[in-house]
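Next come two complexes built around chain A: one with chain B, the other with chain C.
Showing the complex of A and B:
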């Protein structure tokens, strides 16, 4: 089988956009159904009261990682053709910090703010407005920050490449980390305050 | 099935799939179709060695006239089903990028032609890897050695190899500026 479908020409540019829209709608729908459109619920993770976000996101990582690993292993997906975001250490650390501060302050991240807005919440609307304003500001100041933006590039690296362990071992280690965090999260949520 | 037991089943499944991964090896090797792609560097070497090669450019006529890989012939995607490739030559198709070339490959193979190779990365790969290859000033010895081989090929085809600072600044080098520079130097073909 020839997958990724887009990379092997089975999906045209327009069909790719439609597929992205359908997947995006599905993603948003299930985030909302999982309660992740609610800022109070999301902010709960920072106070260790409600760790739904951690559990949902780690579940998504596990599902995607194990799915891609085994589909690649059985020759269904050509993993060498799956797009990997290049790593720029310092700019991405700075971006992560800004993202984290915004998440704590607003109680929502970019994806969940769209979900929150779609379900009629005003805080979601305010955060989407702020996000678009941030995009505009970033574009305007891009010439000033472009050197930093392109700095400390280490290319398209994966965790196994970075730490020099076999692919399968890294997969197993992440599974153990995720399962351990699920158990810990459940205990923390049940512990008396 | 209760929520707790369902979660346990899912957790156990993840554990088994993860543990299996330890012994299953590298997943990239199984799905990869390396034998159906050819790199721009290999195509450049074949061209320089005058090997029997039929290069088919499936982009628009304007794009082809603006720039094409030396010795390439223009056959638009819509006319490909009626095209008869040279049976004695290695056939390599390319478009603006790999996925367009893949569609072309499938069309050619449907017409009964034997194996067709895809230029990995399309014409952009030719521009970036042959016409304007770059290496970081901080590259390792082995990387510099590999780059020197590509640089020699690049000069043969009228390209300009460059040593750059730090990260790859390809995003800054537009395709049009590369094409303009190539035209000014005039190609060997």
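Showing the complex of A and C:
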């Protein structure tokens, strides 16, 4: 029970920053390897032509979710010291809806736009500029939207907590659902259009 | 018969493509790339006790920019001021910026190694370069707004919170995909 390393004070501030660089390098590398620096490939997700986004996203979620679950069970990671995101029901639903429209409009998400830009793509650069502008707009309208932004705060709620099932059962259900979505994705990609 | 025709068509397209300077590798199997990203995310959990992020880095950049142009406005407005605290007191602010620089470097290294680095605009066959850039900027702006309301994007919410079974993150995932599919017909000309 002595990880996360940083939380247990095994890493200095500078060592943490080196870890950040290494982790970012790996993230960007695999995003580009998987083709997620390419906007036409990402947008294909929304026209059911190329389901790479779904496959990469859900495989990554499964890998990290299962790894964290088992490392927690074996006592390697102290799960209480891993930062759990708080839930704000309505702002996160509304934010997701807005984000989804921007995603199909721009064809890249914030992380993949950085990869697109750094692999030479001008559309990636334009999207990075747009993101900065969108964040600026939010910051300027913040006094008007702050009540909504902070509304429906229900704390660090997880899906198993919400429906009252053991953590492991929720993990298992998500694995089954993801595997089902992979089968469906392969069929959709192969079906003639 | 049908599949033979298809593969023949694919072959012809490959031959007629203009020769590129460096041989371009095909993309990695998506499931393998997913395992790679998931392993990096797991490493972040184990080493740092938190996951990946992208939109947070944009928030820091905007706050730093505003602080340079209008320091008083930035100091008195909470969405900026929250990102302007001292790095020693709030190490995770520096962490997300360095991580995002790492993302750019990692993407660059992979693209160069695979012969995919080139100055270009990725767009649908019916889109123009100009329309693509306008939609990319606009889409980015819309996503910037959405990511702020959701307190994260595909990295910080969907990937990280998804793996941690956070309720809000899964609400974000479902809402984002639902809206993407619902809005897709509006942008069909851009992509197909």
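Everything that follows uses one rule, which is that the second predicted complex is superposed on the first by the 192 of 193 C-alpha atoms of A that agree within 3 Å, B and C clash if a C-alpha of one lies under 4 Å from a C-alpha of the other, contacts with A are read in each partner's own complex, and residues count from 1 in each chain.
The working rule: a residue touches a chain if its C-beta (ideal position, glycine included) is under 8 Å from a C-beta of that chain, and two chains touch if they have at least 3 such contacts.
In this text, all values refer to a predicted model and were calculated from it rather than measured experimentally.
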Which of chain B and chain C A:88 touches, first, second, both or neither: both
Residues of chain A touched, compared between chain B and chain C (which is higher): C
Partner chain(s) touched by A:150 [first = chain B, second = chain C, both, neither]: first
Which superposed partner A:169 touches (first chain B, second chain C, both, neither): first
Which of chain B and chain C A:177 touches, first, second, both or neither: neither
First (chain B), second (chain C), both or neither touched by A:109: second
Touched partner set for A:6, first chain B, second chain C, both or neither: both
First, second, both or neither for A:136, with chain B first and chain C second: second
Which superposed partner A:71 touches (first chain B, second chain C, both, neither): both
Overlap of the chain B and chain C footprints on chain A, listed as residue numbers: 3, 6-7, 62, 68, 71, 76-77, 81, 88, 167, 171, 174, 182
Complex interface listing, chain C residues touching chain A: 2, 27-28, 30-52, 54-55, 58-59, 61-63, 65-66, 77-80, 88, 91, 94-96, 98-111, 114, 116-124, 129, 132-184, 187-188, 190-192
Complex interface listing, chain A residues touching chain B: 2-3, 6-9, 62, 66, 68-81, 88, 150-153, 166-169, 171-172, 174-176, 178-179, 182
Parts of chain B lying in touch with chain A, wherever the complex brings them together: 7, 11, 14-15, 17-28, 30-34, 98-103, 106, 166-169, 171
